[in-house]
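First subunit A sits with subunit B, and in the next complex the same chain sits with subunit C.
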Partner chain A sequence: MKAFFRNPLTVIGCLLFGGLVGLALAAPWLPLADPNAADLRNRLAPPGSENHLLGTDTLGRDILSRLVWGTRVSLAVAAAATLVAAVIGSLIGLLAGFFRRWIDTLLMRGVDMVLAFPYLILALAIVAVLGPGLLNALIAIAIVNIPFFARTVRGTTVSIARMPFVEAARLGAQPRRRILFAEVLPNVLPVIIIAMSTTLGWMILETAGLSFLGLGAQPPQADLGSMLADGRRVMLVHPHVGLLPGVAILILVIGINLIGDGLRDWLDPRLEGGAQSAPGAATAVTAKTAAAGEPEPEEAAPVLEVKDLRVEFGEGRKPVVAVDGVGFSLRPGECLGLVGESGSGKSVTAMSLARLVASPPGRITRGAISIDGVDTLRASNEAIRRLRGAAIAYVFQNPFDSLHPLIPVGRQIDHTLATHTTLNSGERHKRILDLLDRVALPDPKATARALPHQLSGGQCQRVAIAMALANNPKILVADEPTTALDVTVQKRVLDLLARIREEHGLALLFISHDLGVVRAVADRIMVLRWGRVMEEGDATKLIRSPKNPYTRKLLESSPRLGKGPKQDLGLSRPEIDPV
Partner chain B sequence: MILYILKRLGFGIPVVIGVSILVFLLMALIPGDPALALLGPYATEENTEQIREQLALDQPLPHRYATWIGNLARGDFGYAYSVDRAVAEEVAERAGATLLLAGAAFFICVVLGIGVGVVAAARQYSWADRLLSLSVMVGISTPAFWLGLVLIVVFSIQLRWLPSGGMVSIEGGGSVFDILWHLVLPAVTLGFIAAAVVARFVRTQMLEVLRQDFIRTARAKGLSEGRVIWGYALRAGIVATLPVLGLQAGFVLGGAVYVETIFQWPGIGRMLVTAIAQRDLLLVQGGVLVVAVFYVLVNLLADVLQHALDPRIER
Partner chain C sequence: MSDLVFQVKGLHKTFGRKGLLRRGRVVQALHGVGFEVAEGAALGVVGESGSGKSTLARILVGLEKPDRGTITFKGRPLGDCLREPTAFYRQVQFVFQNPYAAFNPRKRVGAILDTHLRHLTDLKAPARRDRIREIMTATQLDDGLLRRYPHSLSGGQAQRLSLARALLSRPAVVVMDEPVSALDVSVQARILRLLRDLRESFSFTLVFISHDLAVVDYLCGETIVMREGEIQERGPTAALLSQPATSYTLELLEACRSVEAGTGLSLR
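Moving on to the complex of A and B:
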């Protein structure tokens, strides 16, 4: 319950709604004027008049008093309609979702028919048949909202009926009716309550709407809607008569909607996690970072230098430190392998280079990074953007999820070309086909037109590599590029990466949890754990005589390094694979 | 693709039949003499006899339905005594005005709803997001008929910028510009409120999409933020939004009833309200049927569009 009131908006909602409901309930005992006492000498008094705080209406009746009494009527009708719709709709949903088969088909087809109408039009048709009046409006509004409950409840019932405890009850000798109401219903109840909180607001708007059209409350009875219609006639000179009832409706419904949001977050946190956040364009850099230093003018100067990098996640006094004091450099043609378990900080390190760590929650709090002479921690977002996909390119773990599912892969490559080059569309097209050919995709033309789901995982990863190579990057970061692939495909992709590195003189940063894979491609290896460097050194030496006990453990857990046919996959001598 | 459209049209036929049955049953189930119920205050001996025969009212329900549908197929929706002309004529004349209003409102709803939703999501938790989300909350809680009144008070009565009602000026009206001039306030009223729901949905949807891997890839390619959000993220987010837009088409068609009443817009919505007040059920029946069938078509379109935008969806 505490969690429910932690959101300030929910509290505001409770105050707004609770306040109005309290006033409406207490109406008979409040010192209010008689809402129906006409006083023709005092017609249309403005708000703030003596004895009439909010003025009087066309017949000189006290608006404040009428608002309170009108709210009472509107609330009563809306609440009753909600209850009726909830009971009937939930029952339909429960029966359809629990018994399935023909009961489901019959009930839900009926519901679909009702949904085929714009709901207000159907409500009008029902009122037309029943005749104007508040009770008939209530019935009409209840009926048009039944489908919403039926559908929502059916969906939940179907998934709950499949759960083990229900299955178990079914296997037992319990009558089905008992299972439905004793086992299923209590679990569906939160969903029904959330749906009720959603519809109560609609119901108030719809009741008021029908009354506004003259089809709901009939004089002398008045609800907020009919008061609004009343005021509309004198709107030219005395707008307050019509506007005030609308304000009351607005406050009531805002209150309900705020409470509804709070209820939903509280009862069903899956629906919208307040904590989820969309990362910005570049990782935030906080605190002071050291200058990256001038690149040395010698021939084999490093294209990438990282010094004392520290990356933290989360706010507050105790942020999680994902990377702490990592540093390395990479020269053209060189390959460094970053190894560690998940959570070791290897991916975060890689993402930090082009400031791709999701931010929030991540931020770089210390260190210096230089990519091709650009100090990325001090560069503007725009300068970083110009590096990405040009000087430094990435290949990610899951090829399916890393490509846009609905844009043809050729166009996705085209976008990075168009961003970083001045080639015209014909030249870009040629280059795309050339790139796809270079990563050994069989039919470049057809592949360029394909969507990711029409390609295999290995093909998608080749596309991703082609995309990364589009602008001849100096650094290629491959973050677990083979982990999501089949073993046979893994080998081919690794071969491809090794070949490309050789052909282009690329600096390759290769990240994997698997020392066996890393060993096959890397010249040097860096072992990370808990964001810190455990050991670093020449690949062959490190594998042969690991100094750090953690490296030894990693080696033991790597299946490819045991004796037997798996020991060497022949990866260190890249060949062009035939596909 | 064409096969898919045909298939969806095939699914649409039973829905349209269902809609017609529901409308028919609504009118047929009124207790008492059906002829008197349908004619209401317009029942004379002569036309009571005529309608009994025309609609086969002394026959069992299935027969009556068949007769009624047969008449509809010939374009005969009956006679509207309250306006003294054929229902089909009256509805056809007013359908244009409603389509214009609903179309304009729907356009505002789509552009504003998607725009606000995307901007709020892209700048989550910023002041812009808070302000937009608050406006959206007010939007989904505002009665359309009240917003219409507020806009009239502000823009017609106080500022005198825009007309407060009607579709054409009384003197020298009727030009395209004149009609558009009258369209602004009603379309904005309806469009704003319809947009709120869309904005809310799009924001949630975009927050989901912006956390996907392919967005990270797009950024890693060096694409501009504009391209990442409006090109890549929205392209993925729009697919799930289409059914919501279909729902909002229904909201706009229904909400047109309020807005047409407030702004004296000569459309089907206002016709329905008047016809109900005057108990002219044949006119109500015709109007409801036309709006419902149109709504079914719009949802079919949304469905086909969704398929076109995401070929992975097979249903």
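Moving on to the complex of A and C:
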């Protein structure tokens, strides 16, 4: 609940909305004048007059009193209409999204028919048929808002109904009705609540609109819309009569919308980490950093040096330490393998190099990183941007995620080239074909024109590698580059990485959870666990005689052909296995 | 000759019209697949993504309908069995790849297990509680987890819970779709060992889908290799590994081995 009020705007929204609702609810007990008592001698009294704090209207009625009672009416109508629209609309959406087939077609085409008419005109038509009056206005705006709920809820229901947990309920022989209302509905509910909170504001405007046109509240009853209509006639001479209900509507709707935003953030589990704002251009660095070591005048000086790196996530007193005291260096042509299970900090380490860790919530609190002589923790955002994709390039686990789905892959490589080089478009085109050829894609010309989904996973990963190589980087960071690929494809991509590394003298930082894969490409291996270095050393030696018990455990746990996990080597197969 | 649990003949399944711009291309997921699963057997189904192995598993438990072909469960057509879901799913259960997605995030673990058991059996509340305790012990899960929500479990705990749910009704057959692929290696090893133990104590027939030959080798006596919706090869796992009959199996095997041993790839 605390998290709900963390955003100051939400607090303001609650105060605005809560204040007005409180006033409206308390109306019968407040020392207010009779809202409908006309006093023609006191017409159009200005605000601040005796007995009339906010003045009187064209018939001499007390505006403050009418405002409070009018808000009460408007709110009641809007809330009731929201509830009706939400219940009916959500039910339609749930049924259509869950049962699909003809039920979906029937219900959603019906909804489309309602949607085909301009919204206010439909409301007017309904009121015209039913006759003016608040109840009929309520029915009209409820009906025109049903499609909104039906469509929103249907969309969510469709995606939730495909979730394995819903299938699991089917496999538990649960009746369909129970699955819909006990499994699906609780997961759709947040969406319905958010939709309701945003619709309530609309409903207030719509009720006011219909009343303004004389189709809602009938005289002498006050509601915000009819007050507005009254005020319009004397707008120029006595602006306060129309302005005050207008301000009341404004405050109500702004309040509701702010609450709605807060509600959405609060109910969205993805924002749990506390990131309320978009991440900055580069990871924040909060500690006085040690100067990155001067490049040593050796023959093969390291292109990458990391010292005592510490990265934290989250705010408050208890940040999560993702990386703690990791350090290594990488020379041209060398390959270091970072190994660890999920949560070991291997990816965060890799992302920190080019300060790619989203910030907030992440930040680098200690250490020094130098890439090709540039102290990245002290460099400006602009300098970091020039480094990315040029001196250091990344290849990620899922190639489909890192490529833009709607742009041909050739053009995507072109963007990287255009950003970092001064080549003209003809030269760039030649380079693109050359790059695609170098990563062993069969038909570079055709591939360059292809969209990512037209390529296989392995081909996409090759494109991603070509893109990473576009500006002749010194360091290539490959973060689980083969994990999402099939074994046969995996082998070919590993071969490619090894070849490229040799041809280009590339320093390769290879990250994987799989010791077997890492051993296939790396000279040295570093094992991480809980953000700390467990063991580091020559790849062959480390695998042959691991010193750290955790490394040993990792090695033993991967199942091997014909062996199974090592601990079971001494045991015979269980009898029930019919071999 | 033991009794057959599943008998599958000439199974076809296509997924139609993927996208408007792709000339209405149809994806053929299964193309005339046929095999049997004997009672008490452990059958592994291996293949790369797109080989149709997951579709096959989903058809076996009634989550998808085949276009053509016949399936019988213990001699009865699958369609008939599915008309009595309670009786069928008491005997046949399924384990999903992603354990987190397989549990309703808004329900406590205890409630999820209890609902599952309540709909599959006639057990009364106290008996259900005992059964749940018993399964939790067998899958090495602490009773305290029953009060937790699924997202607060670790990956290994969540997948053990999936196994626990599948075994609650004491099914005769459990079909598993890549149950260890989403897990870290050390966790994976623990789950595989547990699975072996569970098969010993609950003696269920196992159909195990995986892309990993090594994992299948550890669990399954018999293996089917699938590629592009067709069965490439089938036989006892040991024989298949030592003398693969098709070039595809050989390719799979070599890819596995080279990644595993790190040979043939390293530049040194």
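Keep in mind that, in the parts below, the second predicted complex is superposed on the first by the 393 of 579 C-alpha atoms of A that agree within 3 Å, B and C clash if a C-alpha of one lies under 4 Å from a C-alpha of the other, contacts with A are read in each partner's own complex, and residues count from 1 in each chain.
Rule of thumb we're sticking to: a contact is a pair of C-beta atoms (placed from the backbone, for glycine too) under 8 Å apart; a residue touches a chain by one contact, two chains touch by 3 or more.
In this text the structure is predicted, and so the values were computed from the model without any measurement.
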Which of subunit B and subunit C A:120 touches, first, second, both or neither: first
Which of subunit B and subunit C A:164 touches, first, second, both or neither: second
Partner chain in contact with A:34 - subunit B first, subunit C second, else both or neither: neither
First (subunit B), second (subunit C), both or neither touched by A:434: neither
First (subunit B), second (subunit C), both or neither touched by A:389: first
Intersection of subunit A interface sets (partners subunit B, subunit C): none
Subunit B partner contacts - residues on subunit A that touch it in the complex: 109, 112-114, 116-122, 124-129, 132, 201, 205, 208-209, 212-215, 225, 228, 232, 235-236, 239, 242-243, 245-246, 249-250, 253-254, 256-258, 272, 276-279, 281, 354, 356, 358, 385-390, 393-394, 396, 398, 401-407, 415-416, 419-420, 451, 453, 464, 467
Parts of subunit C lying in touch with subunit A, wherever the complex brings them together: 38, 40-42, 48-49, 61, 63, 85-86, 88-90, 93-94, 96, 98, 101-107, 115-116, 119-120, 155, 165, 184-190, 192-193, 196, 199-200, 203, 211-215, 217-218, 220-222, 236-238, 241, 251-263, 265-268
Subunit A-touching residues of subunit B, taken from the complex the two chains share: 15, 18-19, 21-23, 26-27, 29-30, 121-122, 124-125, 137-138, 140-146, 149-150, 152-153, 157, 204, 206-208, 210-214, 216-225, 227-228, 231-232, 235-236, 239, 250-251, 253-255, 257-258, 261-262, 272-273, 275-277, 281, 284-285, 288, 291-292, 295-296, 299, 309-312
Subunit A to subunit C touching residues, read off their complex: 163-165, 167-175, 178, 182-183, 186-187, 341-342, 457, 486-491, 494-495, 498, 501-502, 513-517, 519-521, 523, 539, 543, 553-554, 556-565, 567-568, 573-579
